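What follows is one structure encoded as structure tokens, with my remarks underneath.
As written, the chain order gives the labels A, B, C, D and E, with residue 1 at the start of each chain.
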């Protein structure tokens, strides 16, 4: 009971501290912008730790953060292997192929109104196919190794990027297009000088959504068949062995990798679309 | 401001294109344009006939929605008339467009936010394949012309609305278009800046012998600038009156206090009012 | 610049206003406002002192960026001055805001697209808790006042820009604000419509004895409407000249051809030009 | 009636016919029990469910149960309806595999999720590494839910159960003589499957013990009924399958195969079988499933009372 | 009209490619079957064929091509096989039958809708908090993004077990998982939408001295409607995926997820594909339904089409 009430106390304390920070004059400095979510996260972890200990939750249901951290620290080699297999081989290659193909397709779709009308509704339909159904099929087609995971990722990221890019390429204002008309600019001139830059904020929207999709896709696909390495493999095997600390260590890797991946794309976005009002604050 | 080099370049161009002195540069015969909209057809231009000669400065004035923009867009081949005939330099507007005969200044600045001011002005030059060196000198020249020297490296959103508008004018002046079409280019500017730019525009026009089509809501501005004032009226958009200005080509700002000026202004105002009364 | 006449005028004016003869409605003393931006601080208002009395019609004119909007926003407590003192009806601007002392007309119409014109005008009435019946009658009244009777059921995008602007004026008039602040309300309109609205606004002002602060770029408009014209100049934004108009309250449109009118206009133009020269 | 929640190891199929029969034939009701059968699935760890309190008793394989015990979850075997193991490795004959030694340098499909322990023990007994292909190593794939890896020849051998996956291979059109199978029973590495497990602490509660005695008695009655009436038992299973995925032919055949495995058991755990399982698991080589002889992992308290 | 034509021709093109793809995809299976039934196949044994390319096999065994579209367990079922299965399991089965896709679809649908309601409600609440509280904005938003990098399928069994242990069973655990997937798009969209009013619109209310609540109901909420619907459409699709994922560890007893799994478990590719299509059709129908509601609501609000 002590620990539970302490958890409550820590929770309130965290919020209070964040409230002070967020409404202080320094709240626009990047230090505070990092500090506030960090405090929130730490608060969350402490509350989790205290609740798990206080309520004596079984280790095989929900391990405490400290246990997870210990497991993480002692299993680094395994986690690194799994990370290589799932993220570097499966997710990343699938992401690059999927996004690249989607961008090329978007250009083709954009050039032809007929294709756009026909392909986008079908595309939206295909995008609604649940991954738990497509993953076993793709594992059957592309084998157990990372190729099938990359294929799942390709299928998952293709349509978000396509739809966003097509929307972005149409985002130019009539005046901007008319200007190109008066210059008698060729298709590719107006593509590279007008439509592509104007589309970038949308393209990045798709690319950012796709980062998390790629990660989740690669991991989930491993549930349906894999070599004996990989984050999805480790998670499903560890659940079966009640090694929940290992499961959470892998989830931690996924969250770290996902956030880093997302943050990287957001950073590239910021440097390339610095001119967009949403980036100017 | 030193415009000599530009002037030379522009003049030589003008001389070269001086082929048929007699034929009008722009000729519209019974032009008609109807937009099909959800609420039914909109008759934006009806039976519009007009001749514009080389070196003319033509202002279009009229109530909102009378088809000023539409007419300019027809000339620039941005809109397809539904009836009548329109020729530019003896060609169809679209052929003229392909020959890059136009510089168009839109009502809003319409600068690309991902390009600096200098790169925005460079845009048409890149597209038309000017050499790098030529691009640089021209950008310098026009930036000076619109008094934006030193702002080339800024992004559009870092400039005030008036400065943006000037940049967009510079963009249209950077390449050698015979015909300059300007759709309310000074609408967003305050009177002083506007006076100043009016003077500059007149000077440029006098030097280069460009043909200019100019849309404005301001009667003094129209009278001050034009050799020909076209008063339009709406629903359907048509020409109400065409007034040829007797003012000399050389026009100091205080010409606006002259009796001649005031008389023309009165005639324009009457035409406008009549157009409104049609509503 | 002659501050003596101004002071005299103020005093005589103040004597005429009925409730608190001595105290001005709006009083600014050495007002200062600096914006902190990424590119460093922007000194938007510097050392601005001004008194506005009950029933005044004050126009603010000046080049882009001279702080006209900022000053209006300070009065309406939308901006917090960084120095000096500002009182409205003897209170702080924020207290006055809480007492709903202001009607504010923004530069763009800013109607809510999901509300009809009538419901847009009702918005402040709903918020201020007027009764349903009262709401309905007031909406009718102001719609008629701005000549939009019959358009109450339309949505904003079904109206022309001018009509939208009139609706937004109606919205500011619907409730009983003592002070009407208008930021370039007629900027987007053509001259004929503008003249007409100017006349309407004058009539309304004469009838209601409201105090009006009005931003414009047009010298004739400022002279035609105001009892007091404030000429501002930029970087840093400050008051360059305050001109009290000797024109009578009753002003037909052709007063604009009178010698007095032209003289004031000249003075305003000179002030403006001087402000520009400061750049 | 006393409530009992039974967590199965896998989806509804004839593998669990005894429990469905007992439910359907009213054997549980007769013991004054209100039994809910919770089907399992590929993502369900029965051990975890029982640890979370989601079930009172669960069907589990002994390796997984003992491993959980070592992890600190004290599961106790209270009954063992399955006498022998149904697990085997099924290989294409044309790959040239004839004996366990030929498995080296092959690709093998294995079930994980706590079901990999018997395979690991077997390989370590054969002295074959599972770290990758080589003279003395095999490449292991985490086999998914089905027999596709074999049919698509992505693996040379896959894990099958005598009563289930093997017949799926046959149903896919493969002739039995195209295949060669290695039963874990024959290889001496069989481990006990499908026992009933409860949490140790609950056994201190006489009411719970009493409830389990009645449950096991009724369940064993169900099993024996199922062995005697395999076709009817299969029908009962089909009636209880909410997914509508099972076919009558497959379930009837499964029931007849399952009957062979349950036939030798009256429900009580044979100590010899237990010892053999433990020994197999302790021999697990480099990473054995369990590191020390478990204590108190089974009890006869329930079966003794239930079956006499 | 033009759109229909375009969609139909794209579909036709896909069908042609699909049928063509069946040939290399299924040729090995067909040849195995042919060999067993005694036909002359080149090369003669499955071992040899394993290491050969599909196109080579097609070239040497052209007699077998017509069978690639009628296999029992094809690697890639032909479109008509899927269509027939869909037809049989929807129209020709009683709705109450366990083999009816409508029955399973309705099981999934109920979890989807419940999850969608929970997720949307939570998402909107969070968004309202984020827009009105700087603390919430700064601390919650980054973690909402992080939450989406966690593979739900790994969490799903644990969520189920934890909910089991506190006595929650049935439809709710599935709904929780689908809520987990659907809340994020709603948060992102609603934060954007509630912040979409420009400074002038906000200032206008300030000059009226409007309260926070009035600002919300009269400005922020109506202004956010287009954003809300855009994210609801994403949210409901995510919800459906969540419900299907949630069906796997709940014993996969019924629902489209159970159907997918059972098909996968028994290698019934045709059944997998028809369940997949049923799920996609369901998603498309839900999105279309939201589209209709959107049009009605926005029309009532007078927003221009």
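One rule holds in what follows: a contact is a pair of C-beta atoms (placed from the backbone, for glycine too) under 8 Å apart; a residue touches a chain by one contact, two chains touch by 3 or more.
Since the model is a prediction, treat every value here as computed from it, not as a measurement.
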Chain pair with more C-beta contacts, A-D versus C-E: A-D
Most central chain, Cα average position: A
Rounded Å distance, chain C centre to chain E centre (Cα mean): 56
Between chain C and chain B, distance of the C-alpha-averaged centres to the nearest whole Å: 33
Distance from the mean Cα position of chain D to that of chain A, given in whole angstrom: 38
Between chain A and chain B, centroid-to-centroid distance (C-alpha), Å: 50
Two or more partner chains touched - positions in chain B: none
Contacts with two or more other chains, residues of chain A listed in rising order: 61, 136, 140, 223-224, 236, 239
Chain D, residues touching no fewer than two other chains: 42-43, 45, 48, 51-52, 144-146, 148, 152
All chain pairs that touch each other: A-B, A-D, A-E, B-C, C-E, D-E
Complex contact set, residues of chain D against chain E: 8, 11-12, 38-45, 48-49, 51-55, 92, 94-95, 144-148, 151-153, 168, 172-173, 175, 241-246, 250
For the chain A and chain E complex, residues of the former touching the latter: 15, 18-19, 22-23, 27, 32-33, 36-37, 39-41, 44, 61-62, 114-119, 121-122, 124-134, 136-137, 140-141, 212, 215-216, 219-220, 223-224, 231-232, 235-236, 239, 244, 247, 250-251, 254-255, 257-259, 261-262
Residues on chain E engaged by chain A in the complex (per definition of touch): 2-3, 6-11, 14, 25, 75-76, 134-135, 137-143, 145-146, 148-155, 157-158, 161-162, 165, 237, 240-241, 244-245, 248, 256-257, 260-261, 264, 269, 272-273, 275-277, 279-280, 283-284, 287
Residues of chain B defined as touching chain C within the complex: 63-65, 158, 160-162, 189-193, 217-219, 269, 272-273, 276
Complex interface listing, chain A residues touching chain B: 173, 175-176, 178-185, 189, 193-194, 197-198, 200, 273, 275-277, 280
